[in-house]
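Each chain gets a letter, A, B and C, in the order it is written, and its residues are counted from 1.
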Amino acid sequence: MGVEIHDTAIIGKNVELGENVSIGPYTIIYDNVVIGDNTKIEAHCEIGYPTPLAKENRLIIGKNSLIRSKTIIYTGSVIGEKLVTGHRVTIRENSKIGKWVQLGTLVDVQGDCEIGDYVRTNSNIFIGKYTIIKNFVWIFPFVVFTNDPHPPSDYWVGAVVEDYAAIGAGSIILPGVKIGKDSLVGAGSIVTKDVPEGKVVIGSPARVVGSVENIKHRETGEPVYPWRRRLHRGYPEEIVKKWKEEFRNE
Amino acid sequence: MGVEIHDTAIIGKNVELGENVSIGPYTIIYDNVVIGDNTKIEAHCEIGYPTPLAKENRLIIGKNSLIRSKTIIYTGSVIGEKLVTGHRVTIRENSKIGKWVQLGTLVDVQGDCEIGDYVRTNSNIFIGKYTIIKNFVWIFPFVVFTNDPHPPSDYWVGAVVEDYAAIGAGSIILPGVKIGKDSLVGAGSIVTKDVPEGKVVIGSPARVVGSVENIKHRETGEPVYPWRRRLHRGYPEEIVKKWKEEFRNE
Amino acid sequence: MGVEIHDTAIIGKNVELGENVSIGPYTIIYDNVVIGDNTKIEAHCEIGYPTPLAKENRLIIGKNSLIRSKTIIYTGSVIGEKLVTGHRVTIRENSKIGKWVQLGTLVDVQGDCEIGDYVRTNSNIFIGKYTIIKNFVWIFPFVVFTNDPHPPSDYWVGAVVEDYAAIGAGSIILPGVKIGKDSLVGAGSIVTKDVPEGKVVIGSPARVVGSVENIKHRETGEPVYPWRRRLHRGYPEEIVKKWKEEFRNE
């Protein structure tokens, strides 16, 4: 039940490793890092990267996490259990990340962000400072969250994404935009205005084109949104049970 | 004629290295990897990265390849001769990649893809699972191939790109779209419908604006497409000979 | 006042390190590299990466620079003092980069580029070969500079960005386009034509929608452009003084 640290890993001061933690080759753990039980840090990572911008000089990563190779996580953040990263993820300082979050390859969390529970992203997302992403959100590749209404400036306004929203590939979210619960942003949209709950937006600039309830599955013709009525893979049983109840009368 | 393995490289079990293979500093070769003659793997790479998603726990990389530094290639793929990658490329499991393929810096092949022969890409392309890219295709930076018509779902439909097509920078290809032979997708297009053979599409959403034959060179006024009538650099002699024959009556 | 080279760093031949230079763990300095005083090269970098495409087989990095971890810089470039890179930056051969330049995480400078003084970029910019970026330019995340009017070809025409221009997130700049002084490109624009001095463009394709002077701050209602009338953080005192003089009669 001990930890497994590769000979070539470099471990800083004041590092607390839980049971069964493993640290891969050529990985650097900087000072003041706390890593929960059963978490695996792969090769070529940097964990607890120091920065004067961190409000607190400590990084906490929850238990049962998998940090894939070449990932960099700054000090000053708190991350819940069961984080899974792709390769080459960057997470900067002062971020609060919930539990069961999955971040794809090359995702770039710029710091001072809030990411809720059960959020899943695909590759190469840019999450600008002060972005707030709530629970069960899905984000597809190459989505960019901006935060500066008068670029360049020091006046930053993060976007807010409500529960269960899904944001299609290559979309750009303008500063301070609110993306409503259960909504769907089509691929390649430039989102300049708030997206109402349960609506579909698309285009440059993005416009409302309908409600998610009206989208039918290409093959089966069945309703596909809100997506939790049909996509249950990888979520905890008690949550899936609630979702099934929510849609049982259909 | 021996192999050259840097002192700091880590080599797994059941690794077969051809003649003149070289392995750079801080690179990790995982188990069950076969690397062809004269192939160079540079620094900070991970080759044969293990995953339970691999249908076969083996990675084959062809001879005369150049894997630039910080590249990650998963187990479960078969790659032909003369692969050239840029830095930080990721190739996931169960992909079939032909010969003489060039993948630019930061290209992210998500797995279960097919890439033909002589395909060339620029930097930072996202190739979603189940994408099929045929031969002699060119893909420019920041192109995204999506695969989920009802995001998020488990129902994936890859795009198909036919021979000699060229896809401009920053374009997004929607799930299941077919991009015809010899066609041209303008930069920044959102491609929602099939692109007919030899046509030019552009815009958000992309629309047909003409035929490639009608495009003249900015300076010379000569026809420029299909591109193989004029661009021969780096292709094998016998192929260039065929191309010259195809257009010799003009 | 000596240099500090981590035990695991690999240093090539003919490397000149200034006073107080530090080289991080697992970093490789290739041959013929000159690094100015007080410059810090972090972990997992490759500096002076060799290429036959370099016109001169030497790399010069100015003093007081910070090269963040996992950055790759090719031989053949000359970089002024006070360069700051994010993580995983790539700078290829034959580039001239001025002083006080900041390049965000994952920025990809393709080589044969010119970047002036005091240029600042955010994450994940693609700067195609032969792009010219003048002084005090700001570039936001996921901007792509293309260079090939007839893709694929060997006929490359770089874009030119004049002083003080700001280019919004996710914009794509077409080959040879000139972006005028003090202009503003809105997020997600596809810039197909020259942008006149002091104008705002937006859309796909981008069109002029007004002059920067008419943009008021969301909260204060004050004019916000040219941005140097209000944003002074991090620039040298003598420059800020000139800017204040320029706008003192308002």
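Convention: contacts are C-beta pairs under 8 Å (C-beta built on N, C-alpha and C of every residue); 3 or more make two chains touch, one makes a residue touch a chain.
A quick note: this is a predicted structure, and the numbers were derived from the prediction, not measured.
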{"item": "Distance in touch steps, counted as few as possible, from chain A out to chain C", "value": "1"}
{"item": "Interface composition of copies chain B and chain C: same or different, split at half", "value": "different"}
{"item": "Mean-CA-position distance for chain C and chain B (Å)", "value": "28"}
{"item": "Multi-partner residues of chain C (each touching 2 or more other chains)", "value": "8, 26, 44, 70, 88, 106, 124, 142, 170, 204"}
{"item": "Complex contact set, residues of chain C against chain A", "value": "8, 25-26, 43-44, 69-70, 87-88, 105-106, 120, 123-124, 138, 140-142, 166, 168-170, 184, 187-188, 203-204, 215, 217-219, 224-225, 227, 230-231, 233"}
{"item": "Residues of chain A touching chain C in the complex", "value": "8, 10, 26, 28, 44, 46, 49, 70, 72, 88, 90, 106, 108, 110, 124, 126, 128, 142, 144, 146, 148-155, 170, 172, 174, 190, 204"}
